[in-house]
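See the structures that follow.
Both complexes shown next keep chain A, but they swap its partner, so chain B is in the first and chain C is in the second.
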Partner chain A sequence: MESRKNILEVKNLHTYFHTSSGIVRSVDGVDFTLQEGKTLGIVGESGSGKSVTALSIMGLLDDTTGRIEEGEILLDGRDIVPLSKEEKRQIRGNKISMIFQEPMTSLNPVMKIGQQLTECILQHQKVSKDEAWRIAEEMLRKTGVPRVERMMKEYPFQLSGGQRQRVMIAMALVCRPRILIADEPTTALDVTIQAQILDLMNNLKRDIGTSTLFITHDLGVVAEVCDEVVVMYCGRVVEKADVYELFAHPTHPYTKGLLHSIPKLGERVDELEAIPGNVPNPKYMPAGCKFAPRCAYATEKCHQAEPAFTDLGNGHTCRCWLCEKGGMA
Partner chain B sequence: MNPQKTLLKVEDLRLYYPVPGKKIGQLEYIKAVDDVSFEVKEGEVFGIVGESGCGKSTLGRAICKLNPPTSGKIVLDGEDISDYGSRQMRAVRKKVQMVFQDPYASLNPRMSVFEIIAEPLKIHHLTTSKEQMKEKVLDLLRKVGLDDYHANRYPHEFSGGQRQRIGIARALAVQPKLIIADEPVSALDVSIQAQVLNLLNKLKRELNLTYIFIAHDLSVVEHISDRIGVMYLGNFVEVGSKEELYQNPLHPYTQALLSAVPVPDPTAKKERIILEGNIPSALNPPTGCRFHTRCPKCMPCCKTEAPACHHVDGTHAVYCHLYDEKNKA
Partner chain C sequence: MLKYTLKRMIGMIPTLIIVVTFVFFFIRLIPGDPARMIAGEQATLEDVEAVRENLGLNKPIYVQYFIYLNGLLHGDLGTSLRTKRPVAQEIASRYVNTMQLTLASLAWATVVGVLMGVWSGKHRGKWQDYTGMTVAVSGISVPNFWLGFLLIMLFAVKLRWMPTTGAGSWRNLVLPAITLGTSIAAIIARFTRSSIIETLKEDYVRTARAKGLKERAVLWGHAFRNSMISVVTVVGLQFGFLLGGSVVTEQVFAFPGLGSLLIESVNYRDYPAIQSLILIFSLQFLVINLLVDILYAVLNPEIKLS
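Our next item is the complex of A and B:
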């Protein structure tokens, strides 16, 4: 296997929110590595901490109740957690940028598209306004929107959902960042538009060579765009593998449950294998394995102590007592 | 049960929303539902699938007259309800109930779960005493998988999946024959989505219900439905049994829609048909076939003539010029 450079390493990340009713441990010990030119998928349900992980990497939690309590985020080997606001600003949009879930709410409604696109270029590059405008137009054209010149002078409300998401992508890529974090970029879109956007992201990845962190809850999307996958549950990584391995040999009961609970095209079943129960309230986390209350295989041990990662070979790791014993087929 | 009996028959249904036109005092019309005809048999699940803005929700609301149709005929259980006013509709609503998409917005936050479920019983005078009402409400709660103690709680104390269960219990309270479910699982996480789909299936078997299931997720619709209609811009483009429709899609739009669904299997290689552009505005729909602006197989006649309905066999119908006699040769 070719060895690639690790462009982003997240080590033992803990991000807590200090609310009036106590500490919410949204991200509680997350580790993963993004290799250059690859796409890493983070999968999980709402409340699993996947978006908070992204915000921690972006350094966007500074003015909230959230704080990175522990851990390192290494960008090209340099820890970016202790950096000052101004230094983070230099990285944001320039080296790491982000596409948000809601294209409707994440664009500024009172700024023209052209202004929003050039803002980032003028912030990070020493170019004239005309030059910035030209770069922005070129990037917007790459995303495949029609009538680029006119759109640069329009406001977000004049565009459709798919077009807004393309503007978001253009904005994120306009400074040719090394890392792109896409937080549910297609969740708000229709399937035919989703297909367009995924296709576009794949093409741009090839052109620009950006490494991508792809956050989603849709396992179908993961299978199509990701090289490696991290499955998160309750602020923890429960399973990590490359995408072929994960879909061929899902090991953690939660990963299995997720895969079984989605109806698949062309498959006839009377009943779906749903995961019973709900995601626990972050204020009242179970003591042992966080998935134990919903797990069909849980034993006494699972309720008492949290399992560590077991290496299953080929970069496949799983956090479950069942693998530890080697007792899982 | 007689599987041949028609429970609902809709003919030439139209629903236009008036909007202010270009000149003062002038009105234009959004043709949300335009000339739709279909039938639903007793005991079957009829799925309606389409992208946002295709009119699927409006169609659902038009059938139970939450939004009064502009013209057309609706026959429910042998009773022509087309000309019924809101007073007469009250009696009809004992036969047809809705389950809504957003479980957060469709329950009154100031009413306890008991009050929410008891309200339809009170309105339709279905109970004679307080004890009987209490018994009925608790019975409904148990039917949807909630416990007795949940009755005195308020909607904010429940998770999304539980709220959707409350919405289903409320719909079941009047013992309807037909339930129109408008995107009942799209706001839920996948593991919870499977729970609610299983519940809907179980209730259908136990109570001999008929569903109209509206959704944008093709895998979910395939899982639950017997027959499916694909909508595009206010009209059905193809209607068929799920086996026929998914294995032998005839309309280019159905084909593109199916190919756009991400498959949770990284080894699956498939030809994807990527549609260009967006759904045109329903204010000014394209002439001829409404899909012709995005259709990869568009012919000259598609731009001028609306396609007729071609019955491929007893259950499968398609609205497309490709299947005209003269084009078949």
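Our next item is the complex of A and C:
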């Protein structure tokens, strides 16, 4: 396997929210590495801490009660956690940019598309307004929208959901960032548009040479776009593997549960399979393995102590007592 | 836009007809007889009847109503029973005073209120917010007459910087404008604050931050204009109230505005003057409402273009 440069390394990240009713450990010891030019998927249910991980990397926790308590986020080998607000701002939109889930509300309703695209360029690059406008038009054209010149002068409400998400993608990529974080970019779109947007992201990523962190709860999307996958549960990484390895040999009971809950084409089922139970309340976390209360294979040990990572070879690691023994069906 | 404005203006006509009709009949239900007041306490019954006939008040009420409507259609507001001068003239001079006072009060109140609101909202939950909102609550709670007297005592009597009462020069406007504007600035500040807080939670503000924009650009470029959409309504309402004249503040500063004219007219049962004033107040509110709606469209392109 060719060795690539690690462009983003997250090491032992802990992000806690300090609410009036106590501390919520949204991200509790997360490690992963994003290699240059690759796409890393972060998969998990709502509340698994995947979006908070993204906000931590973006440095967008300032206006929340959240804080990075511990850990490192290395961008090109440099830790960006201790940087000042101003230094983090200069990275945002420039070296790391982000696409959000809701294209309908993520664009400013009273500002023209052209202005929303160019302000990012003008903020980070020393170019004239005309030059910025030209760069923005070119990027918007790459996203495959029709009548670019006119769209630059339109307001978001004049665009469809798919068009808005294309604008969001153009906006995120317009400064040619090293890393793109896409937080459920297709969840709010209908299925045919989803496929188009995923294709577009794949193409542009290759074109610009951006590495992508792809956050989703949809394993179908993961199979489509990701090279590697990190499965998160309750603020922890529970399994990490190459995308083919993960789909071929899912090891953690949670990952298995996620895969089982996807309905298969051409198979008649009366009821979809689901993982029983819910994500535990972050204020009442179980003592041992966080997944134990919902796990069909849980033993006494699982409820008492949290397992560490077991290396299964080929970069496949899993946080489960059962795979440590190597004895699970 | 022009078509819309014209349509709205035509739509005002039925409202105005209803106002005119209601006011005409209702003020005649107020106890008291204008003929008796004009003739004086000592006048004989014949004298009073003569005055009544002279003023046309002896005619059946519906005849009076149509005479009034006919006059309105010809731009004639009637003659004041109290001063015997045309009502239009009577109102005009007071109107200029009230308009000046309103614009002065509203201008400073809007600027100060909006800035204070943005400042508080941006620093929600911090000392800036508590300071701003404490000032605002005080501003709303202070009674106008008390603030007016206080200002007169300090700036007119002690320091002699400003005249105590009257109208005519900009110096006469300063103290009443401060008095009237204080509570309005406070109301605007509170509205702006909550509006800014709401807007700062929007997804597009997060997008703006994700672009790496400076916080100042996020606040003024993205949050501010969106938050102003709801503030415009409040400013418009206050504008309407102020244009109706402020009875209390005008009394304190002996300011010849519409508020005191209305009180004098009511005391005198000066029907033509009362009718005209209320008609003007209603018309003002309708026009301001229209202005507010036009401003919405300016602030929000979705309204303008659809």
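The criterion applied here is as follows: the second predicted complex is superposed on the first by the 323 of 329 C-alpha atoms of A that agree within 3 Å, B and C clash if a C-alpha of one lies under 4 Å from a C-alpha of the other, contacts with A are read in each partner's own complex, and residues count from 1 in each chain.
Throughout what follows, contacts are C-beta pairs under 8 Å (C-beta built on N, C-alpha and C of every residue); 3 or more make two chains touch, one makes a residue touch a chain.
This is a predicted model, so every value here is computed, not measured.
S.K.: Sticking to the clash and touch definitions up top, decide whether chain B and chain C on chain A clash or fit.
M.R.: With chain A aligned, chain B clears chain C, so fit.
S.K.: Using the superposition on chain A described above, determine whether A:Ser97 touches chain B (first), chain C (second), both, or neither.
M.R.: In the superposed model, A:Ser97 contacts chain C only, not chain B.
S.K.: Please work out whether A:Thr65 is in contact with chain B alone, chain C alone, both, or neither, and reply first, second, both or neither.
M.R.: neither
S.K.: With the two structures laid over each other on chain A, which partner does A:Ala195 touch: chain B (first), chain C (second), both, or neither?
M.R.: First partner only, chain B.
S.K.: Does chain A have more residues touched by chain B or by chain C?
M.R.: Answer, by number of touched residues of chain A: B.
S.K.: Under the stated touch criterion, which partner chain does A:Gln158 make contact with: chain B (first), chain C (second), both, or neither?
M.R.: The answer is second: A:Gln158 touches chain C but not chain B.
S.K.: Answer with first, second, both or neither: which of chain B and chain C does A:Asn108 touch in the superposed model?
M.R.: The answer is second: A:Asn108 touches chain C but not chain B.
S.K.: Mind working out whether A:His124 is in touch with chain B, chain C, both or neither, as first, second, both or neither?
M.R.: second
S.K.: Looking at the overlay, what does A:Glu45 touch: chain B (first), chain C (second), both, or neither?
M.R.: first
S.K.: Could you work out the angle between chain B and chain C as seen from chain A, using CA centres and rounding to the nearest 10 degrees?
M.R.: 70
S.K.: Thinking of the overlay built on chain A, is A:Pro276 touched by chain B (first), by chain C (second), by both, or by neither?
M.R.: first
S.K.: With both complexes placed on chain A, how many Å separate the closest C-alpha atoms of chain B and chain C?
M.R.: Minimum over all C-alpha pairs: 9 Å.
S.K.: Touching chain A in the complex: which residues of chain B?
M.R.: 51-52, 159, 161-162, 189-195, 197-198, 201, 216, 218-220, 222-223, 246-247, 256-268, 272, 274-275, 277-278
S.K.: State the interface residues of chain A toward chain B in the complex, per the touch definition above.
M.R.: Residues 45-46, 146, 160-163, 190-196, 198-199, 217-224, 243-244, 247-248, 257-259, 261-266, 269-276, 278-279 of chain A touch chain B in their complex.
S.K.: Residue numbers of chain C touching chain A in their complex, please.
M.R.: It is residues 200, 202-204, 206-215, 217, 221-222, 225-226, 299-302, 305 of chain C that touch chain A.
S.K.: Which residues of chain A touch chain C once you look at their complex with the stated criterion?
M.R.: Contact set of chain A toward chain C: 58, 60, 63, 89-94, 97-98, 100, 102, 105-111, 119-120, 123-124, 155, 157-158, 168, 171-172.
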